[in-house]
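Handing you a structure now.
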Amino acid sequence: MQGQNQQQAYDRGITIFSPDGRLYQVEYAREAVKRGTPSIGVRTDGGVVLLVDKRISSPLMEEASVEKIHKADNHVGIASAGHVADARQLIDFARRDAQVERVRYDQPIGVETLTKDITDHIQQYTQVGGARPFGVALLIGGVTNGEPRLFETDPSGTPYEWKAIAIGEDRSTVQGYLEDHYDESLPLDEGVELALRALGEIRESLQPEGVGVATIDAETGAFIELSNDEIREYLVEHDLLGDETAGDADDADGADDDATEE
Amino acid sequence: MQGQNQQQAYDRGITIFSPDGRLYQVEYAREAVKRGTPSIGVRTDGGVVLLVDKRISSPLMEEASVEKIHKADNHVGIASAGHVADARQLIDFARRDAQVERVRYDQPIGVETLTKDITDHIQQYTQVGGARPFGVALLIGGVTNGEPRLFETDPSGTPYEWKAIAIGEDRSTVQGYLEDHYDESLPLDEGVELALRALGEIRESLQPEGVGVATIDAETGAFIELSNDEIREYLVEHDLLGDETAGDADDADGADDDATEE
Amino acid sequence: MQGQNQQQAYDRGITIFSPDGRLYQVEYAREAVKRGTPSIGVRTDGGVVLLVDKRISSPLMEEASVEKIHKADNHVGIASAGHVADARQLIDFARRDAQVERVRYDQPIGVETLTKDITDHIQQYTQVGGARPFGVALLIGGVTNGEPRLFETDPSGTPYEWKAIAIGEDRSTVQGYLEDHYDESLPLDEGVELALRALGEIRESLQPEGVGVATIDAETGAFIELSNDEIREYLVEHDLLGDETAGDADDADGADDDATEE
Amino acid sequence: MQGQNQQQAYDRGITIFSPDGRLYQVEYAREAVKRGTPSIGVRTDGGVVLLVDKRISSPLMEEASVEKIHKADNHVGIASAGHVADARQLIDFARRDAQVERVRYDQPIGVETLTKDITDHIQQYTQVGGARPFGVALLIGGVTNGEPRLFETDPSGTPYEWKAIAIGEDRSTVQGYLEDHYDESLPLDEGVELALRALGEIRESLQPEGVGVATIDAETGAFIELSNDEIREYLVEHDLLGDETAGDADDADGADDDATEE
Amino acid sequence: MQGQNQQQAYDRGITIFSPDGRLYQVEYAREAVKRGTPSIGVRTDGGVVLLVDKRISSPLMEEASVEKIHKADNHVGIASAGHVADARQLIDFARRDAQVERVRYDQPIGVETLTKDITDHIQQYTQVGGARPFGVALLIGGVTNGEPRLFETDPSGTPYEWKAIAIGEDRSTVQGYLEDHYDESLPLDEGVELALRALGEIRESLQPEGVGVATIDAETGAFIELSNDEIREYLVEHDLLGDETAGDADDADGADDDATEE
Amino acid sequence: MQGQNQQQAYDRGITIFSPDGRLYQVEYAREAVKRGTPSIGVRTDGGVVLLVDKRISSPLMEEASVEKIHKADNHVGIASAGHVADARQLIDFARRDAQVERVRYDQPIGVETLTKDITDHIQQYTQVGGARPFGVALLIGGVTNGEPRLFETDPSGTPYEWKAIAIGEDRSTVQGYLEDHYDESLPLDEGVELALRALGEIRESLQPEGVGVATIDAETGAFIELSNDEIREYLVEHDLLGDETAGDADDADGADDDATEE
Amino acid sequence: MQGQNQQQAYDRGITIFSPDGRLYQVEYAREAVKRGTPSIGVRTDGGVVLLVDKRISSPLMEEASVEKIHKADNHVGIASAGHVADARQLIDFARRDAQVERVRYDQPIGVETLTKDITDHIQQYTQVGGARPFGVALLIGGVTNGEPRLFETDPSGTPYEWKAIAIGEDRSTVQGYLEDHYDESLPLDEGVELALRALGEIRESLQPEGVGVATIDAETGAFIELSNDEIREYLVEHDLLGDETAGDADDADGADDDATEE
């Protein structure tokens, strides 16, 4: 009970340190990330794969509107886990940032540069009063000078570079699968397969409508989103396609759910 | 009791995260939406239907003044559920936004663009201190390049696209009806019928004065509000018209009610 | 007791949502309206009637200074119930707004336009921090293009249009009387009679000094306040005039009363 | 005890509504007025009389420095009850306001106009955060176009016009005397007598040094403060002069008193 | 205990009214004045005397640096009791104010004008949020047009004029002595004697180093500080000089004292 | 329990003093430093060595992205311990500061000047409200006019100069080792060895991927980061290289760890 | 316990008065001074001596970087006790202030003028909200027109002038020694001896590295810091030099100490 009280003291008002040097508001924002449906990033020699799990709360919802994968520029894609509306703010920030680079220097923004601009922006919301931290983590994948790059941003505003990573719900299970099966030399399509299989670890079955996939090819450097048909092909080929009726039934139960963490 | 106390800690002052990563002020704003009378949107190949349920607290109130359906531009309508005065702010925002698009680019604003501008605006009120979130959800229906579109905005600032959707009181019952009977290929007038029948699920009878209907036809792309006579025709034709005296009696009881969630 | 505590949590500091989606500060501001002496509006084909009940705390107070009826422009009058000083701020806002319309567009402001400008202003005080809501409701009556209009504004910033309405103390009794006896086709002077009789329902007797009446004639479109003599004529004619000595005695008791809700 | 707690919740921070629609900070500011020594205003056909009771805490204090009566302009005087330093701010505001009128329009400011400018100023301090209400009531007396006017402002920012009024300590006793003996047709000097006798109701005896009197004559329209000798003449003539030694003894006891409400 | 709690509620955050209409922060600022060593002002026909008691916490402290008497302009001196650093801010304000008068109007500022400018400044700190009141009282003595004037300012921002006054520690004893022995017609040097004798009432003995004296002569209108030798002469002449060794011993005990109220 | 409560009082809202003169928010920020993985600085006649310990939470994380060593300018490097995102803000500040010096004065910024600019910036966040202190300590190493300099900045904004220093986790063990073995005359490569051995005191074994090393040579004055191969050579040469498989296993356990203190 | 609670009420948020007229935040800032290592100032006819005690937390720390003595201008030195980072802000303020004087008036700033500018700056932080007081006391020594001056500033913003003074830890013991042995006519080098002996009262032995000494000679008016060798000479000559090994051992124990009060 006392621990309870003590902790509460540090999450009110502005973001401040607790006696053991922690920033509770930032840690709670990370909980918002963990409540979100998972997103996965895989970087191979062939390029970067971004894969997102979509929670469709009703069969009448347009799955395309469940935004979890975004094109930030021709050569950069961003996937998110956590508070969707917060993610959209950061995506807008990223797009403007990329555009400014093109206008000023007539060149595509570096993936690392873009990531660090975003994390600087996020950090401000953890130190200066009058606002709360962003409740979202991003996976930023792209190609700079022919080299595939994959970064993660967390609610504290720290950037990390990864070979392969999962964020959101059931993160450790998915990450464990990636660690066991990752191979840097995979061609891009096998990177997609790896990501789908990793997601399959925590889902009984997968539906094309419940999954979003985008790739940035190392050679072309172009961000491409896969169509539902292309995703279905992958699922069929690798025997991951689930029973679609069952999925729908499950959706209907969740029709009244307000969750905005995805 | 302790849960009670703990929760209270996160709804005071500015909008901050709770230990499990939730934003209580946003969730409470959603409760304001649930307290509102229902609004329904149906998108078919023929266009978009917006239908609202009006709570008239006295027979002396002008039903036209219970604003729940708004013309945002020639080709876009907006229905709301929740805090009426908040809805009016967002409608004003939407109208200015549409007008700016016309002036700057000499073209009607895209329905999706408009929706995202509105959700960006809503999100700001959930992150920056000194204000509360908007206690209202919107249904934004319109036609872009001949294609009907129907979006929802929620108090977190997340946009969703729907084939058919209900917001407000008794949402799940109405949404269930829509899921069971929705058919994308319906002509526009059968879309109106579907929406009326869905509302009928939670009302013993319907009165023309208690219902507002607007359509945006896919071909003409024009926002049109139905007159009471037109609504009465629908109700008679589909045997949904209630006993008007009974309705009035019910209104009289509510004469002293201050509710502004509609 | 717990309900007590829980409620208190939501009325401090800025205006925020309670767990059930309510804005307590706005609801408390409505209580300030209910504490005010009643005001009545009646709209007939002949024009609009505004009637106010004045609480004179001492026979030495100039009754004309108990401001509850205001001329906003030549064609618009405003009556209030609730916190008097707040009402005066909104009247000032309305007058400036009407004047700007005249200067910019060389035409009288529409009654509906004026009402919505005022409610937008009121809503701001319920959403942005650093201020409290307005503790007053207004009845805005006027004539636009020969058509009589009667609107109400409430502390949430919601506008409603009415055929006839009462606000303030004992609202439901007065509103009940209006609902039972209202007839849209009444000539303007019978509208005045209806309003006086409705007030008579909650007063043992009426005095000319305790009542204020203004009309906006549909034909002339002019705001006119009735003199005490004219009001006395109405009271005598309709047998509503009370015993003046009794009234005075009652006032003397209230001499030390500070109430500013009227 | 619970009532105690509940009430406390509404007087901290900014001025907000209580559940029953009251503004406690404004009501507490009225208590500051009631703690002040009384001031009296009397308006007759002959002009306006302002009379103030001075609390001299030591015989060594210059009674002229106990400021309770102020000349706002040649034709307007202001008396106060409550927090002296707050009164001085409002007097300064009034003087500037009157001067601006003279400079802009080359005419003396109307007494009613001046009063309403002051009450608008006062109201702001009750609605916008970051400040407390003014803890003072004013009596504003003057002559506009040959007509004597007497207004009161209270801490809520509401203006009232009076024939005769008392504010401050023991208000109801003094006001009762005024109500019983007031006669609008009195010449100005009998107005002074009435005010002195009303004050005599709550004082065992009066001293010229303990009383301030000013008049604004309806004909000349000039604000004039009476000298101690002139006041003594009134007191002697009407047998109201007290035993001066007794008064001094009483002062000495209060020498260590810090009260700034006068 | 409850009274304790209730009171605490009104001294946090900004300065607000208590239920009985008091401003606790202002009253507590007065306590800071009462904690200060005494200052005395005496006004006679011959001029104004300012006398201050200095608390020297160590024999190594330069007594001249214990600033309690200040020259605001050639013709005005200011003595203080209470929070020394606050006093210095007000002295700076006074000096700038006097200088502006000289530059703008080429004349010495009136003592009353200067006092009221200072009290207006003080009042602001009691009404507007984000700052605390000044914890100091001032005695402002000077000559305007050959006439000696002596004013007091208190933490509420109220100005008073006095013939003779004491502020600070043991105020009522010193003030009682002044009331018993004051004579307006005293020559200036007897005014100094009166002030010294009044201080002697609360000190067993006086040392030249522990006392500061300044005079403003009515004829010359010049502010003059007395040297230690001149003060010693007065003390010797009137048999008020104490045993200096005893005083030192007392100082040594207080060497570790941090008090800044003097 | 009481101590608990008392302490809590001083860590909320802005940074304020506790009764014993401490700034808890600053002390808690120091705890964030102690939670970070260690960083070590060694200054010898040959130059400055910066060494950092990297916590890699998954074998899929790119170790290069765990930023703990930064090049601030050609001649200055900065290592950090504590909150990574905060460190990045200070690094950005340092780089801009160094660049301004080059642009304005056409010379490299002095290491001491740079340090003091940074500590001034840090101090602001401990005194002015509306923000929290920086939760990070920096080691700033560089060469000015051929002289090696090594500074530490702490969360209070105090600069210290060191011959050799450890910050972060297990600080005292590492510092103890440095104190026992430090020799100012060491050549630069032996400085690297000393730093590695000091870190070895608290790690069972070291991996090239888990360690970052940079040097600034006194002669060339150039900041150089060692490659993994170069680090491996050091480790092999001095028999410090650990069993790499064991390290990986340890990483896998920490895969779900969110810590941003490094 | 109650006293505990009551006190807490006055140290949160902005600096406000307690019921007995104290400013707790200022008093707590003084505690920060008392936690600092001592600094001593001695003024003789020959000039001013500033002496500081340095706490070296590790033998690897550069003692020169423990900044407790600063040159503010050619003729002014400043020593501090308390929060080091706060002291640095005030030193910067002092240097800018001195430079402005040189640029504007082409003359060295007066020591008293400089002191009062600094104390005005300090006072602001005790009255205006949004910041905490400075947790440091300064000794400001210098020569103006050939005259040596020595001032102290405390956290309330009060300036005092001294012949000799100690601030910080064990103040009263050191001050007692100074009071017993001070002689104004000492030559400057004997002033240094006096200061060293005073410090020796609270230290078992002194090391040149643990002491800082600066002088401002009355004749040359130049600020000069003594080298370690010069200090050692003094210590040897007056038999004050301690056993250096013992000192080191003591330092090692304190290696993990974070204290920033020095």
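By written order: A, B, C, D, E, F and G. Residues from 1 in each chain.
Throughout what follows, a contact is a pair of C-beta atoms (placed from the backbone, for glycine too) under 8 Å apart; a residue touches a chain by one contact, two chains touch by 3 or more.
Remember, predicted model here, so these are calculated numbers, not experimental data.
Enquirer: So which chains are sitting against chain C and chain F at once?
Expert: Output, common partners of chain C and chain F: nil, no chain qualifies.
Enquirer: Hey, what angle do you get rotating chain A onto chain D on C-alpha, to the nearest 5 degrees?
Expert: 155
Enquirer: Any idea how many Å lie between the Cα centroids of chain C and chain D?
Expert: Their C-alpha centroids are separated by 31 Å.
Enquirer: Between chain C and chain E, what's the gap in Å when you average each chain's C-alpha atoms?
Expert: 55
Enquirer: Going through chain F residue by residue, note those that touch at least 2 other chains and give them in order.
Expert: In chain F, 12-13, 30, 129-130 touch at least two other chains.
Enquirer: What's the contact topology between the chains, one of line, ring, star, complete, other?
Expert: Shape = ring; chains linked end to end, path closes on itself.
Enquirer: Output the circular ordering of the chains, read from chain A in the direction of chain F.
Expert: Chains encountered around the ring, chain A first and chain F next: A, F, G, E, D, C, B.
Enquirer: Across the complex, what residues on chain A touch chain F?
Expert: 2, 6, 9-10, 12-23, 26-27, 30, 116, 119-120, 122-123, 126-130, 151, 154, 156-165, 171-172, 175-176, 178-179, 182
Enquirer: So in the complex, the part of chain F that touches chain A is made up of which residues?
Expert: Chain F reaches chain A through residues 1, 4, 7-8, 11-13, 24-25, 28-35, 58-62, 64-67, 82-86, 88-89, 92, 125, 129-135, 252, 255-256, 258, 260-261.
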